[in-house]
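Presented sequentially are two complexes of chain A, the first with chain B as partner and the second with chain C.
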Partner chain A sequence: MKRLSRPAVWVFGAAALLGIGSATAGNAPTPSDAPRGKVHRLTSTQYAGIIADLFGSNVNIGGRFEPDQRVDGLIAVGSGQVSVSSAGLEQYDSMARSIASQVLAPDVRKSVMPCVPAAATAPDDACAAKFLAKTGAALFRRALTDTELKEQVTAANRAAVKAGDFYTGLSLALSSLLVAPEFLFRIEEVEADPDVKGGFRLNASSKAQRLSFFLWNALPDKELMTAAEKGELNSTKGLAKQVDRMLASPRLEDGVRAFFDDMLRLDGMDSVVKDATIFPKFDAQIGADAREQTLRTIANVVLAPKGDYRDIFTTKKTFLTPKLASIYRVPLANDAPIGAPDKWDAYEFPANDPRAGILMQTAFLTMNSHPGRTSATLRGKALREVILCQSVPPPPANVQFTIVQDTTNPQYKTARARLTAHSQSPACAGCHKIVDPIGLALENFDGGGAFRTNENGVALDTTGELDRVKFTNGEELGKVVRDNAATTACLVQRMSAYGLGQTPAQGQAAWIDGLKEAFAKDGYNVPALMRRLATSPEFYRAVSAAEKTTSTH
Partner chain B sequence: MKTKLDRRTLLRGTMGGAAIAVGLPMLECFLNSNGDALAATGAALPVRFGSWFQHLGFIPGMWVPEKIGAGYHHNVQLEVLDDFRDRTNIFSGLRFSLDGRPHETHTSSVQIATTGIYGGGGPSFDSSIADVIGAHSRFRSLEVSLYGNRRSLSRRSATSLNPAEPSPVALYTRIFGAEFQDPNAADFKPDPVIMARQSVLSPITDRRQDLERKVSASDRRLLDEYFTGLREMEQKLSASLEKPAPLPSCSIPGQVKEAKPGTVIDDVAVNAVVFGRLLAYAMVCDQTRVFNVDIGSQGLRHAGSTFTWHTATHEEATDQKLGYQKEVHGFIASANKIFAEFLRTLESQKEGPSTVLDRTIIVWQTDHGDARTHSLENVPLLTVGSAGGRFKTGLHIAAPADPYSRVSLTVQQAMGVPISSWGDRSNQTSKTFTEMLA
Partner chain C sequence: MFTSGRTVLSRTALGIALAAVTSTSALALESRTYAVWWFAQAVSSQEGDCGPGGINPKMVDQFVPNLRRLGYSGSEIEKIMGTVGGDDDDSGGGWEKQTLRQIMETRARVNGKPANAFMHPEAVADPNLKTVIGKFAYGFNLDGKGADDPVAFQDPQTHEKGVDNQLFRALGCVEAYRGTLENDNTFWSFMWMSQKDTTPAWLITLQGDDLSKDGPITITMTRAMEPPRYNGGGDPRADMTFREDPDPRTRGNVFKGQISKGVVTISEPAANLHLMQDQLTYPAFDLTKFHMRWTMGADGSLNGLMAGYQPIEQIYFAIGQSGQVREGTGLAPELPGIYHAMRRMADGDPDPKTGLRLTISSTYHIKAVPAFVVSAKEMDELRARAAGKATAMATTP
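Moving on to the complex of A and B:
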């Protein structure tokens, strides 16, 4: 430690001198705590989407992604806190080589190659440069610098010589672009904000990226890139023009779906396992369909003209595949030929059907259950944490579950009976009281999502209350959730964090509060909220480290 | 801190610099009379490390041996490990401390067990060991999950998590696929495509400084981790351009069957043996020296049953005649049997006069002293194997209220990790278990 102190003092002194020097020279000094750009690892969905956009959806990605990590409720935030491990990079590398060889395979390369090499067995720098400049710019979300392009061409050349084949060389150069940090990470860059003294904002191309990933969950398109290059995103009018264009595009649906997939943790459907004996209908296809059903239901509500976010908890309208329909006991003819992809039909539950809203859909019900039965606790906890943005404290240490253990008690036949036992213990009661009643309202739906009126021969009691508002069943719970102020506040909070790629800083609290009010004024219309976020200068402001909140997870 | 250079250190240093180029043939005739070192140089054969994580612990009163020290007899839940008793150390009395922070059940204690830190802020101890003993094998470490999940408990840092492989077929391809170089192949020709791959990767590193300048210090760490991975990949490529040293015990296993994904405990038992065999082959061929296994206890269940091991720990009534939870005991017994079969698989892989297990130490960890109550006291821990004689075995070590980290510190130090303490706050320790050091 001692040895370090002297250079540290020297560095400090030098920095102070530089500061004084530049201040006297009239340039604004760059303070050492000036905000810098944020780094996000592409999520698996973004990676797959970009490859499909650039090279067509026939390209098989084939590899395994590093697991995404959720922080403060969102993968979009977690992606700013994870790196690529060595094992992960190895996977990216093998995916990259496989993608590159598919893209440049003899029978398909015509569609991506802007030129034909002089000889297929030797390097052709001019042709390689054409391809790499075009593809590189798309992958890096900016034009390659001259040096970068030269390096890529040289690398392709060397590789072509070593392999004795032009396309092998080019394919390896392409694969190196696909494992480059500029592709795997979104690296935002900041610049001094001329409109705010001492303030910083994202530079134009980073603005375009943030905007595009927020609204479309995809790379900026050509028009947005051009607008960014021309500096149009720095004017209120220019920015609004791009935002409105993007909101009007059908690609908005991709963005909206990606957001809700993240917020509702629907990626969890990938790992839902149900016991095959107890829930014979449930399989991986049902899991995938259930995820899609919830996304379609939401998109249908929130993207409708004047769509109101709150209605996703009460809507009777949904979409079903024949397979999914069997869980809902809805007769839906499967007239598609065998092997054809799932056919989706719009469906409206009759008024007297117990189901309404996304909480009573297979995705929410099965994801928050055990493999062999329901879990009112898991469902209640998910509702609190995911939909209402509330946190449920973890169980205390060293609790005796004596009541549940008491063998003189009769067998608990229903979840309510089991959980009542829990909540009679004071140590458990605190938390179980805030999660169980809302979960118990959904007990009419079993761990596989099917409707039932009793469990083990005992009729189910689905009454309860949420924040002192009473309900008697799932459908009423949906209405109570719809009208709870936390529901809409949560959406604003999550959507802001999602767009920013980080939990809003403490200094942004007033801005978020303003958005919450505006959301109400806009009739809880999601695209209107997206527009307010995307056109706000605050959305692109670079937040200094001092303003940041520390994550709780 | 090492102060003198012995032959072993020197050789290790040389290998560190020149990696495979030195090339040490492991022919048995070159081994010394004990078979544990090379006769000519005294250089040790590779030592290996494995971790095994089995959530939900054991039932109190059913696992601690009566006798302390050597010559103990297994208590009922560990009887299934009798065949390995002379190679096993059992630690009782160890604990996790929360220091007043909230108890995220099944999470906080896992973090403390693997990283020594509440919240899991640092590298897991297996990863520190891999940095030392795994630095020059093809894979620094291999993470496998027996129950279909991709998350592993191994991490280089809080932001760099090592993904687990749930598929034996994918693991087989990764180790013994096209990029595997048979150390015993008669002819060796450097692959021009590998050279070409090297040349396309090299410009990336040149851009590192430019990139890192743009981002904040905390995000620079993310990029640093990426570049560490890149450097390892490049090292691997250059290593594969050198003829590997022959390893007479190395052979390529036959193709493996795909695992049954999921959480049915009988499937997990099958997966454990399939993965164990693959790892054993990988180690004999010196593709890796470190492995990490997560058995996935939390969600394990029997086919057709409405409860899982985890829900059973909280909901099953204690059988009044037996005095314990019957189903939970059943799960523990099955999981311990799975562990025993995994060990047997490593033992059956011969390597000269010894077996893969002989050259390995496996640290078995768990998260609770009593899963029923989420207790953090008297949490079981086992080690199996002597890592080629570095550790004494066959001991029951009672260490009431000592931090759990004490074992991971001991093992890390013995494997050459240059640290003097491990863990933080009350989970921090600088005391090792000298009684287990050979």
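Moving on to the complex of A and C:
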């Protein structure tokens, strides 16, 4: 069968598309060193979300996505540095065909078709064009060019003739759109910025894309697209109007969750495996529930009126399923019908409960542990790198892990004792000194997330300090993290990079510093920070490749 | 406010309120709840405990004696049995032959006419199944006769003599009912495994000043709304929350007891247990002179025995409910024979008019894991509070 999509040559990388992302015609002549727009491969979540938005949540995506790559702590940044392998394209192609056949299945197509063909057994170019123009514009986040539309209609026509079926032809054209780079990649286009001499900015449709994926992790909706087409996003007032509308939408929660899922690396829960003999309560469902618990907890804090980001490290309020509650050993009345799937319930840990904040939730505790034991080092390292945006060097190549791995050694009954012995090596001591004291504060929680007071019969010492501020247990660590300046600075850094799709450039350092100050003034309110980012011209400035990026580590 | 406005308020209120309820209820006394995740007859089969010739024959070997008892002649029996499947087929192959199947199914005689043998086991001639003659059985001295009781056993754990466990004696020579505490017998294992995911859990709550020390306690048994939950590996999931079944028939099981060296026993000499269980096993489960010996494990578990006199009809319903299917699969071969064996061994609650013993001393093995319970009353209160707050929220401009 003749391939209807573009030649597969584009799969060799996003770089091949950069021409598309360059300054658009119709604006000022483009200098050879003019910045180019960024190209980002859709994440699996974004891909699935778009399909659900356009065709309904009953469409089964199937297939396997190419692994995402995290750069500078974010998949959102890494997605600008990945391409699609030939094997990956096969998967996209397979998914596209499956999706197209589901969407245009006889009992479903009524909901997506804007017209009825003159005859179901023959081509109908007018009807095909209507469907493809509408769907193509949504998938490409811009109107299809006349040439693009003509190509797709012709392809649908030929296939319909051959198959003797209008919808078979249309299905092939739709699957072609679904593997087009313009769909699989978010392609940002730049234009000369009339307000800044020699400067460049995203064009209107690219602005809409960046804004929508930042705030909602989804395609721009019709209102945003219309505003972009009318040029309203280029005015301060018009942009603010759209930003405020989007911030007020319930869909903001999707965007907030997507950001924190990325920043906290919660996708890692997909691959957490525990030794079932040691942690029998931990299963695949718990992994998914734990990820969801942390996201619900965060959304509940940061999206509350005047919500303070820092409180995610100290809040006693969370959400639980019955199975999660059993890990926390707390009662949870679930008023669901007998036999119904587990539901989520809001829960508040009592004041005397040792748990508070996301660091003492199953996701953080289990993801940063080994399959059969805790790891104060992994927990401390994660806190430094993920929450505080600091860098911890990798271990030396010749490191000996024997002592820390042997939890049955009667000489070293606790993780603290084992790590103390292990850290006698000068090559290890430096790094362990900065991560272990933090991680050891969480030793009251085993590798499966359950609370414990001792290890091998020895009472646990959970004291330590972070940046010379002392604490005696996990809950106090949460407070120390909450009040650490690096915590909020890191959030600003990460959220900026997330929205921009790249680590902020060196020239944007002052802007970032300003955001950090503003974040404090705004009471560390996340939606307020998102608003400042989304309404800032800097957020849409096209940064040239020559500009160096700042280091977040 | 707890919620961001994006969360269903009733759930929020419920969670907070529950925390409050559970914390206040624990102020005065320590309370621990357990969910029973394993239930089986307690057996202690030993080599030779059925005497010479061993255990009772399999069902396929009961056909000819049954036909003889029904009055069939040798040649008739030969003809009927000639229709049976292969000789080595002991799994019920013969049931495919309609003639034998019908004869076996209707081997009861009511007013001289064939009747369903499983519905009328008392109307089937007693095949006199062998019963246990061994010395050991798990249980308690329920009748107080102690070592003087000629039909009593000795408990293999406590070595106490005078143990009454006539259910073990009645069934213990039928292959599917033989086993040990470590390897529960086939019948009860099958029953439990086939129903564990749908049968509401029994809950045991112990309450006392300090459950880590010896002393008096209150023991409460009730039924949950939910079945027990299990981990991925099939082991029971501890620390789940269960809602108490508001059915009044499951209430009232509150007993005085004590803890001694980590073992829970009852103090009342004449306590009666009445619980509801699975509709297909024990719609009702009764034990008079209820006794228990439950060990509180270091891992938080509660395992052990419970015993008492149980109505024979209840037990027969559990065993005989599927009639010919049970006989055919070997889970309950010679069902009317089992009924008669229980009748013969019955040792409790004589009928005042007929003198017929209506109950039989029985011992069961249970295993339980720590759990949380929300009482029906608490659940109602929480729902009311949640509904009230939701209403207030809905009417707030």
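We adopt the following convention: the second predicted complex is superposed on the first by the 497 of 553 C-alpha atoms of A that agree within 3 Å, B and C clash if a C-alpha of one lies under 4 Å from a C-alpha of the other, contacts with A are read in each partner's own complex, and residues count from 1 in each chain.
Note that in this section a contact is a pair of C-beta atoms (placed from the backbone, for glycine too) under 8 Å apart; a residue touches a chain by one contact, two chains touch by 3 or more.
Bear in mind that the values here come from a model prediction, so they are computed numbers and not experimental data.
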item	value
Contacts of A:Thr135 with chain B and chain C, given as first, second, both or neither	neither
Touched partner set for A:Asn525, first chain B, second chain C, both or neither	neither
First (chain B), second (chain C), both or neither touched by A:Leu89	first
First, second, both or neither for A:Glu253, with chain B first and chain C second	second
Which of chain B and chain C A:Leu332 touches, first, second, both or neither	second
Contacts of A:Thr297 with chain B and chain C, given as first, second, both or neither	neither
First, second, both or neither for A:Arg64, with chain B first and chain C second	first
Touched partner set for A:Ala276, first chain B, second chain C, both or neither	both
Chain B versus chain C as contact partner of A:Thr321, first or second or both or neither	neither
Chain B and chain C contact sites that coincide on chain A, given as residue numbers	276-277
Interface residues, chain A side, partner chain B - complex	35-39, 41, 64, 66-67, 69, 80-91, 93, 148, 151-152, 154-156, 158-160, 162-164, 168-169, 172-173, 175-176, 179-182, 184-185, 187, 189, 271, 273, 275-278, 370-373, 393-401, 404-407, 409, 418, 545
Contacting residues of chain A [partner chain C, same complex]	250, 253, 276-277, 280-281, 283-284, 296, 299-301, 303-304, 307, 317, 319-320, 322-323, 325-327, 329-335, 338-339, 343-350
Residues of chain B defined as touching chain A within the complex	98, 102-105, 107, 139-141, 143, 148-151, 155-163, 170, 174, 192-193, 195-197, 199-204, 206-207, 211, 214-216, 219, 221-230, 232-233, 262-263, 299, 301, 303-308, 311, 314-315, 317-320, 372-377
Sites on chain C touched by chain A in the complex	1-7, 11-16, 18-19, 22-23, 198, 225-226, 229, 231-233, 235, 237-241, 243, 370, 372-374, 378-379, 382-383
